[in-house]
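What follows is a pair of complexes built around chain A, which joins chain B in one and chain C in the other.
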Partner chain A sequence: MKDWGYKISKPRTIDLDTADTNRYSELIEKLPSAKKCIMCGACSATCSASNHTNFSFRQCHIMFRHGQYENLSGELDKCMLCGKCNLVCPRGVNTRAIISHMRLLLLDMNNRNIAL
Partner chain B sequence: MEAAYHLARHDYYVTLLEKDAETGGHIKKDKKLFPDFADAGDIIQELTRKMAHPNIDLITSCNINELFRDGEKWCAKSNKDACYSGDAVLLATGFDTFDASRKEELGYGIYDNIITSVEFEGKLKEGKILTSEGNVPQRIAFLNCVGSRDEKTGNKYCSRVCCINGVKLAISLKEQIPNADVYCFYIDLRMTGQNYEELYRTSQEKYGITFIRGRISEAAATFDNKIQLKSEDTLAGFPLKLTVDMLVLMVGIESSTSTKLLAGQNHIKGDYGFAASLGINTQDNLTIQKGLFLAGTCKRPLSFSETIADAGAASIRILDYLKTDK
Partner chain C sequence: MNFDPLVIPFLAGTVFLLLVVSSKFFNWIRHMDSMQLSVIKKNFATKITIQAICEIFHESLLHRKIFKKNHRLGYMHMSLAFGWFLMIVVGKIESLFYYGSFYDRPWLGIFFKYFARTPHHYFMIIPFSFIMDLFLLVTLSGVMLAILKRIKSGSLGLKKTTNHILLDRITLTALWWIFPLRLLAESSTAELTGNGSFLTGTVGHLLAFLPVEHIEIPLWWAYSICIGTFFLGLPFSRYMHIPTEVILIFLRKWGIQAGEQSSGYTNIQLNSCSRCGLCIDACQLDYAAGINNVQPVYFLRDTRYKQLTPEIADNCLLCGRCMEACPVGLELTMIRQQLRQKPELPGKNYYDYSLSPDNTTKSDIIYFAGCMSHLTPTIIMSMKKIFREAGVSFWFMDEDKGMCCGRPLRQQGFLQQSKDLVRKNTQLIRSSGAKLLVTSCPICYHSFKNEYSLDIPVMHHSAYIDMLVIDKKMELTDSAIDMVYHDPCELGRGCGIYDQPRHILQQIGNLLPVESEKKDSLCCGGSLSDMAIDANTQKKIMNKALEIITKSGPDILVTACPLCKKTFGQNDKTRVMDIAELVATNLKLK
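Let's look at the complex of A and B:
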């Protein structure tokens, strides 16, 4: 396709009517503690990776929950799985396991050629 | 009712003037109470039993439109010109719920599947949660702070009980329709009472209710009479669109018509039309008028348990007044 140097930008809106949230259902089946997240951001505040990048577990989690997978795989790769977030979470969310599992689910979608 | 019972047990004669045909106020409309899911009917029954005390004279369907001090006595005059007098009077005129049609952008009164929390409670009580087309709703959204924390409605205050009431309704809904998707839209969640936070957690953990931080700015019907919502997920930082079968507006607490009228006549009308006590810390049942006392939600939004406790506190203050201070 000809590159005109510009493109039509996608709508920014999260459309929960069309979003595929099945991956999130799979996630909470495996790791039910994800449901307890209250988005306080303690995980992102303590994150070793977020010192040097704009990585935010909270942000990744909420986008995954809403079925917004674009760029998510690359974002999650910024995590070093140090587990500090697990220590600070006030709701006992198994954050590190959730990151690993989100990666696996996204990889699986990629392998099955489900559009991200 | 609670205060009348305590005073009656201390050998005082009490005339209880009730606006409605039956006593019980707003909890008459409730099925269960938060946070322990106590049966509202049982509680009303318990209170009604107390009304059988021989010292209590219960007068229902009685609209008081004038309250004034007449020498050493207090007089309450009804719209049928009956006059009830006493040595002391306790104002327990309660609250009204916010009229949701004032928030036109939320579509109440325009679209059939947008209802208030009071109407939803009624459906719960009937055991039939259905859309206006008679279908079982699969996707339902609750919106908090309708008529609370909203300068445009003149109500800058927080109604305090809607957050937890929303959680209660969402759980009750999931119990009746387990496969429904339930969303709660909020500005802040204020789970301030005992076991409130725990119930919120249970609603997420056990019932899978989705909480979205963001106020719905517009609600409108689609061609098939579903409701399309526009909001922002402020935690994701993106606008959000969602179509639901039913939208429930968690209406806030406002001062009641009787409170405004009777407090106004006695110069104790405070902020937002609620009745003003002498001081919230230690003199909360007293007013600037000798012998005129306050209890419950005529002062400000309170939960049911707080109202009952306040009624007990008010009856002690009235006993003090009648026995010693008068």
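Let's look at the complex of A and C:
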């Protein structure tokens, strides 16, 4: 078959009644600008990392919001925090901070207590 | 009479102080990197040590740096530190003359007038009493200024002063009381024995209406208790900076620098902060955005008392203005970076999408635009034009699929990830066989210059263009426009590039002076280093900075950073251009 360079996503269902949204609540408490996201995808279009991979901030954001943590940590690790998405966002969403926080929330918040 | 119970509070405080401070020093030095320790060993017995002693005299006692910036504040610190120091030293010499032995009891100098009640037995009484009274007067004037500063910080040329914790306030009060109490105690003794000079003698006469013989002993007790309290609180309060700064100056002179990881040296820097609060007025987050709990003085304090929260550690533009203001010269941005450190997963390889060195184009010059420049395509177009006009062939390293330089990750404490990118970019740069790397982004420039170990020179495009013009590879036309230049933080304070961009601009038009420029340059507010503030706060900082920079009413605001251009570009008053764009439109075509 001809390879057109894109493929259909696997079918999946998200049950919002059982989805774990605790971490998302924690995120928007810290970074309320996450709520302003309109999922326009400008961030993903400009992304330096998406030149090399299929990394997409928009997708990670939706997955995190719906408690779909599978593979998410690995996805987030593709981000280089270069900051282009922050500048193109038409809604002023603090994208880098959200990525960084999602990483840490997934790792374990307790590791972040700074001890010297 | 060589002993009296009233010296006990002083003695107990002194012994406690010496024990705690020396154990702290021992612990910090033990926890320093082995690299740092070997640097100390190398430079220990050289003339650097003597230079360090001179600097300690200048900074810890005379407070020369503060004096240069603010005379009144400098005098306040000098009179307190140097005045007290001289009182201790000359007091010791005085007691040496009186008792004739150097190894006499240590408190005899501190309580000299109390014990030396028969002054006519030694011949130097008049000059010594006079000098000691003079030093006491100088120190008291410092205390007066310190109190004035607490009441009204504007009187000493400060907009804001530090908001202190309770322990600092107690220790501060004890310190302030030491000198007035010494004056009263010495005066009452002077009235009884006649051993006073112009100050203590006069005040003694004024006290004569009181039952001096009854209040003399309580006053000396109060004096002793105040010193004891001050010494007791010193190791745990801001005053720990007094002994620690001495050690810091030695270590710094011997060549120690803060590394990427926190170590015993970080602790020494934390404790060297005197919480003077000079960083508060320098911080744009405070005066432009009203954020008043993240400045280095509070950040270091929270870290020292183990109360640092990620919110405070993350909220900093890393612009470096505080480092310019800090009289102690602490490496504030590096400490902030150390404390942002995130947990690492050893052995994990993050960015496996590296371009293979097969894609490299062999070329003498590499052009690395940087991620941010890809959002300001006119900078890239201008640079291409400049390269073409100068007849330079180059490889555009990140034209299509570039990687980040790694500095944004490093600033957020993702050190492991950053090192991964550094390694991959280094491979690519090496495989091209280039002899020079030119970049358009000051963030990348700082990173390539300091965080990579490339064996080729790295230039920011402003310095590179200046070099092309000096080498007569291209000529500029004079367009007689009025402009101001904004120093990007990473380029100016970060890498010391101030003159080359100005040299170019002076050939193109009229470069107007700016109130805060070069080392005092402002941050545009768009810094990638601060993830804790939102877009509105960034805009507030930008507007305030723009107002100051464009006070002279220029036609254009020129900068040398794509991020500054993007941030200032949001305004609708002044046109913002990158230096490369301005050069490209003012080239004398061949």
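Throughout what follows, the second predicted complex is superposed on the first by the 97 of 116 C-alpha atoms of A that agree within 3 Å, B and C clash if a C-alpha of one lies under 4 Å from a C-alpha of the other, contacts with A are read in each partner's own complex, and residues count from 1 in each chain.
As a convention for this text, a residue touches a chain if its C-beta (ideal position, glycine included) is under 8 Å from a C-beta of that chain, and two chains touch if they have at least 3 such contacts.
Because the structure is a prediction, the values reported are computed rather than measured.
A.B. asks: Considering only the touch criterion stated at the top, classify A:104 as touching first (chain B), second (chain C), both, or neither.
C.D. replies: Touch partner of A:104: chain C, not chain B.
A.B. asks: According to the stated criteria, A:35 is in contact with first (chain B), second (chain C), both, or neither; which is it?
C.D. replies: The first partner, chain B, only.
A.B. asks: Just chain B (first), just chain C (second), both, or neither: which does A:12 touch?
C.D. replies: After superposing on A, A:12 lies in contact with chain B but is clear of chain C.
A.B. asks: Who does A:66 touch here: chain B (first), chain C (second), both, or neither?
C.D. replies: Touch status of A:66: first partner only.
A.B. asks: Of chain B and chain C, which one touches more of chain A's residues?
C.D. replies: Comparing chain B with chain C, the partner touching more chain A residues is C.
A.B. asks: Between chain B (first) and chain C (second), which, if any, makes contact with A:23: first, second, both or neither?
C.D. replies: A:23: touches no partner chain.
A.B. asks: Quick check on my understanding: which residues of chain A belong to both its chain B contact set and its chain C contact set?
C.D. replies: none
A.B. asks: Quick one: in the complex, what on chain C touches chain A?
C.D. replies: My answer: residues 262, 266-267, 270, 303, 306, 308, 310, 313-314, 339, 341-343, 350-351, 353, 371-372, 374-375, 400-404, 406, 408-409, 412, 414, 417, 421, 526, 528, 531-532, 534-536, 563, 566.
A.B. asks: Within the complex, which stretch of chain B touches chain A?
C.D. replies: Listed in rising order, the residues of chain B that touch chain A are 201, 204-205, 208, 210-211, 213, 233, 235-243.
A.B. asks: Which bits of chain A are touching chain B when the two form their complex?
C.D. replies: On the chain A side, the touching residues are 12-17, 28, 32, 35-36, 38-39, 58-59, 62-63, 65-66, 68, 91.
A.B. asks: Which of the residues in chain A come into contact with chain C in the complex?
C.D. replies: Touch residues, chain A against chain C: 33, 46, 48-49, 51-53, 77-78, 80-84, 86-88, 92, 94, 96-97, 100, 103-104, 107, 111-112, 114-116.
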